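Each of the two complexes below includes subunit A, the first together with subunit B, the second together with subunit C.
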Partner chain A sequence: MTETRTITGNRGLMVEERLIFEYDHQNRTAVDVPAVEPYEDRLGGLRRKGGVGLPGLAEPQVVRHYTRLSQKNYGIDTGLFPLGSCTMKYNPRLNEKAARMTGLADIHPFQPVSTVQGALELMDTLSHWLKQLTGMPAVALSPAAGAHGELCGVMAIRAAMDARGENRTTILVPESAHGTNPATAAICGYVVESIPAEESGRVSVEAVKAKLGPHVAAVMITNPNTCGLFEPEMIEISRVVHEAGAYVYMDGANFNAVVGRIRIADLGVDAMHINLHKTFSTPHGGGGPGSGPTVLSAALAPYAPVPYVVRDDKGFRLVEHERDAEGDAKPFGRMKGYHGQFGMFVRALAYMLALGKDGLQQVSGDAVLNANYLYARLADVLSASFEGPVMHEALFDDRFLKDTGVTTLDFAKALIDEGYHPMTMYFPLVVHGALLMEPTETESKAALDQFIEAVRGLAERAKAGDAEYFRQAPVHTPRRRLDETLAARKPVLRWTPPQA
Partner chain B sequence: MTTLYFTEEHEWIAVDGDVATVGITDFAQGQLGDVVFVEVPDAGKAVSKGKEAAVVESVKAASDVYSPVSGTVTEGNQALVDDPALVNRDPEGEGWFFKVTISGTGDLEGLMDKAAYDAFVASL
Partner chain C sequence: MRFLPLTAEDRQAMLAAIGAESVDALYRDVPAAARHPEAIDLPNQKTELQVERAMAALAGKNLNCSQAAAFLGAGNYRHHTPAALDYLIQRGEFLTAYTPYQPEIAQGTLQVLFEFQTQVALMTGMEVANASMYDGATACAEAAAMAQRITKRKKVLVSGGVHPHFADTTDTFLKFTGVDVEILPPDVMGLEDLIGRVDEDLACVIVQTPGFFGHLKDFSALADAVHEAGALLVVATTEPLSLGLLKTPGEMGADIVVAEGQSLALPVGFGGPGVGLFASRSKYLRQMPGRLCGETVDVDGKRGFVLTLSTREQHIRREKATSNICTNSGLVATAFSIHMTLLGEKGFTGLAEYNHARAVEAARRLAAVPGVKVLSSTFFNEFAIAFDKPAADVVEALTAKKVLAGVPASRFYPTYPELDGVLLVAVTEMNSDEDLDALVAGLKEVLS
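Up next is the complex of A and B:
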């Protein structure tokens, strides 16, 4: 069947959307602003001479432009989003309702604390929940996202080492860690040494021991790791790390797989960030800022950054400066303006309170069950990288595509035609041509079955030798394959008006 | 006379006396896919055997390039910085990464020759 080109280039509801600058008509405007009266400026000659170059558009043009762009989006509100390692779970509307309450949405960080007691109590309550769920004695709420939380933890470790008068140079990071871990260690001035993974995809005590020494400040370990596997030797690893005088940083990005099931403190962890946008369902991936509160052990708690909330007989107040710290607190400084991602605190707490302890237990239970269901139903057609059962995500590699002429990339592109956002590809690097899927607790069995049928069908099509089909994919999208190479090598980041 | 060696990290090293040229193998560029960014060391930089010396980034992944020997860099391939696609077009020729003066005498031990490397790749 040959496709007949439409006259407009539009295909039904798939409209060829132009750039907003290309709709520009300088004598058109959506806002009728009165002409400016003559005035004398006091800008000392810095007054702008020309226009700012904004396009002139009528209101319906603006609304249609952005609405049509939004219709080209794929999001968790449109369908299953199995992006491994990213935990794209549904953001309940109740969270949004809470975040829009006037007393929480229409306040300013500079308001007198007497007028924002409710907001401070909310931060205090969230801290309480995070400490309860992890068994840790302290939490720093201000880190702005996961990697920022890592930075918080490693800066606390550095502060503790400084207080001990020790100049340890190295942080150990297993191959199965999140990519941000070595970056965090390096930003804090540490030398990064890699710990090789076992055949099983996990880290062994022996491998950690072999790298430990008086030069090691910390081990950063992602658990469950980025292959979707739990680290069963974690307690013993923490023991040997502490014996060597170092600290244990656990990357808590995958806390969603264990929340309500294990207490992080029991694993011997000294610092762990929690991605509120992963475990506690606040929006991310373009939908909202992340938020990475970091829980700290008794050894690191004194170094927690400002600001933090304290409660005394007069109510709640904020400790904003290091000099105001009381008791044995020795904050290492401040990481962020104001008090953290407050809007995310509201949403995360709304989620916790809506679900309760038993509900949060079911979150991790369902997330792990869903991942294992995918694993079990796809293991015979794809190639599972490691032996299950898995935790929150299922990792496959490209052995099932051997000699088919189809690559992981082609396979992912074909999945777009089936109406799904593809899984994570080519990550983690420890396996070849990785396909990493994380269904989260959001999905029903029916939704998973539908996705599984699509993936199974594609795998069978690839094995049947239809490589050309995959090389063409996607064919049903507004754009086919983009020239990612050219885009990376010669990115065009600025619109320039066409030459007259 | 130039002798060619290979590492398990898929670097090649062409050695002539104490002068060596380092790059990544054809297999490595094939695995990386289209290379979009390369960072090479400046002349005068000291590199250590098995440690990061350069960076290569493709549409799929960013990777370190390790120096197969210890020594001092005499030249980084600027042509590669300007045109990263050279790595894909001619990985074992014009797409070299850096030249180095070898300091350690035993440094070439443990490196593979062409036959051993080909067998290593076939085993992957």
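Up next is the complex of A and C:
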């Protein structure tokens, strides 16, 4: 049924597009450069001998190439994107406009600080908003993404432990955690021990207590967790962790569920990263750039990495070196080049100013309402993993597919044919065949109702025994299921010229 | 609120369907002791026009580079952004897509990444490249960690010609795992002896081309010595445009090449975001960090692309992963790749040549200014000069004349008084003849 009968292999708007390297290599360019007069170079004999091997295309060819490629992508702008734990909300275009203002885009990181007071004020204002929204006394802005923020928090914990003269070896991580948590702990030299989840999908104080001891440096706990549930014993967990002399790292990937409604400080947290590309709407861009500012408690604040902004009577300035730190500050080092993901700070601040406190409360409220609406409307056809109410996302498992011959993967691929990006699949690992849906607050009720009808229809089709339909899916896409085993077994990671 | 489509009626209907009294009731798991929204002291929502004005007010407090003659580099370089580039990366299908976990509806992003990996491999003269890291500095740190995994050794040597942010980030990244990162003192003249320091305890030696202070070196002999000792050579660059004119790190024998790709992707943007380029040899493929995009076929036998070799990564391997990286720098990698496609062979090599010729001309004119000494004998588009007075003071004085003369070395090396007079001057196609006239005239005045 999928055989292409057109002459070209194209299917209407689905146009086949070759690699740029497969265009004919004429001596074209889309960037005309002034000719260079003869001169004596200063390359010290290190001039490149051969060519680079890049193709040459004219501007219209390039624009068409990327336009066609873009049309093979699904984005938030395309449709509902219920990818659990990823918070695929609408990215306001004003953010992009602000980031392109000449005074914010065409400034260099090493201009004299007297000439970038607006940029430093912007960073300081963003810090103020993040501190107010979390109730935490300090924030490190420089981490480049969520996992990098985790690294920042755990390095601060490590530095604090070193300062205390304690050599604790272990970090506790619940089994529902995202893979970055244990990977981060390992990079900082810690052994990872897993905390089992309760039947209810939560982490209990007792389970944490059972693992605590003088060898434990910290607990990393995602809250709301990856099952879409708030940890009701969080305050108590923090208390026992602190009693054991350890710190609490809270993974803030799911902050969107609670923004404006609770203060993280009131949960007893010592460190938490905030994904600006989730809660604060900076675009995901096909996998970044992200930004992961990390809020810190008074106990960890002195160890925040360089650089950071300080304000004195002469205005704003940057502390760029560990040795320039003042007061009790003892920065643990530097996490990346330059001053952080400034372009993402601009976008996130534009979003925060647009929403304000009242708007952000509405954001979390609508996000939670939308998720619960999905949970309620789908509970009778899918299998809800835990008792609600849920927070920002709804977790189902594959019990509803039992004996149908249809897998979670098949089900997700069939959703693609219905015009949707699938939910997160097979994560978290605490339930079998997980389907994790996060609609976010930027979906209308009508959009959710349509999605619900599609999911219900597919669930009924699966139960009716039409497994073959699911195994074939997707069929209405630029490519159908791809052979991932082949890709891994015989890695082809770049184009190479065809053998003559 | 303009971003939120639910109406009051919708909310009521949805609560009824859920069987909840209110939205607050949905938060019943949240302890009352943590619910203190009243303690959050922030203003309420604003219109688009109000936000635009607030952001413009902040922008207006900066002196931007287009308002001055700007010769700033030190790892971030200002190049012209073709109009087509910014248009293309703002297409919503690129801008608002996620990491391509569903390849059937992400072939756009995946093909771009495959092309990006190929471009990076070609430019650096290496066999394979990944789909990007956060930035050049973190890519450098990851390279050192990879060398440590491969050699099982606990010592890293960093040349004094490496960007200090790359060096510091590498040190921070590795120090908690017991790796000893030795950073050599700043190598202004490019005279440092690395071969004499190579020993069999080293996991890798990290060098940079062009060096932080501008000079160019052939690392071929160093590569031989490093390999002889069973270690790896990591070559960094902060100006990938230079690869259009220079002998490649691959040709010199590099095992890993890392770079900051900002200069060919985005405006300087106060230093972020950037994009980390990461290339290596095929034999080290399975030790590489980050996402990799690979070619395959679909069930109909058509060529397509997927993320691959993910058994190295955190979402599969958890604490045993090669890195904790998840989000990388996809859109900046896309911008980089589109720019490289726009340039093509002719544009890339031509722009590199033009940059170098401009810099040679600038160095020639600056050398004639009394009180200026050009320190770099070789360079690409950035070189070091020295004054008898602190470079930071000279920069400050010229800033008043709308000349951003360069980056004082003291900004990075405040504890090296012998570097107080050293200034890094970058010259690209963005610097007009008038800019250069203004720099020369300004320096003559300030130094007289």
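The rule is short, and it goes like this: the second predicted complex is superposed on the first by the 473 of 500 C-alpha atoms of A that agree within 3 Å, B and C clash if a C-alpha of one lies under 4 Å from a C-alpha of the other, contacts with A are read in each partner's own complex, and residues count from 1 in each chain.
The criterion applied here is as follows: a residue touches a chain if its C-beta (ideal position, glycine included) is under 8 Å from a C-beta of that chain, and two chains touch if they have at least 3 such contacts.
Please read all numbers here as calculations on a predicted model, not as lab measurements.
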Applying the document's definition of touch, where does A:488 land relative to subunit B and subunit C: first, second, both, or neither?
both
Greater residue coverage of subunit A in the superposed arrangement, subunit B or subunit C
C
Regarding the shared-chain residue A:137, is it in contact with subunit B (first), subunit C (second), both, or neither?
neither
Check: subunit A residues flagged as touching subunit B and also subunit C 427, 484, 488
Name, in rising order, each residue of subunit A that touches subunit B in their complex.
409, 426-427, 429, 484-485, 488-489
Okay, in this complex, where on subunit B does subunit A touch?
34, 36-37, 59-61, 84-85
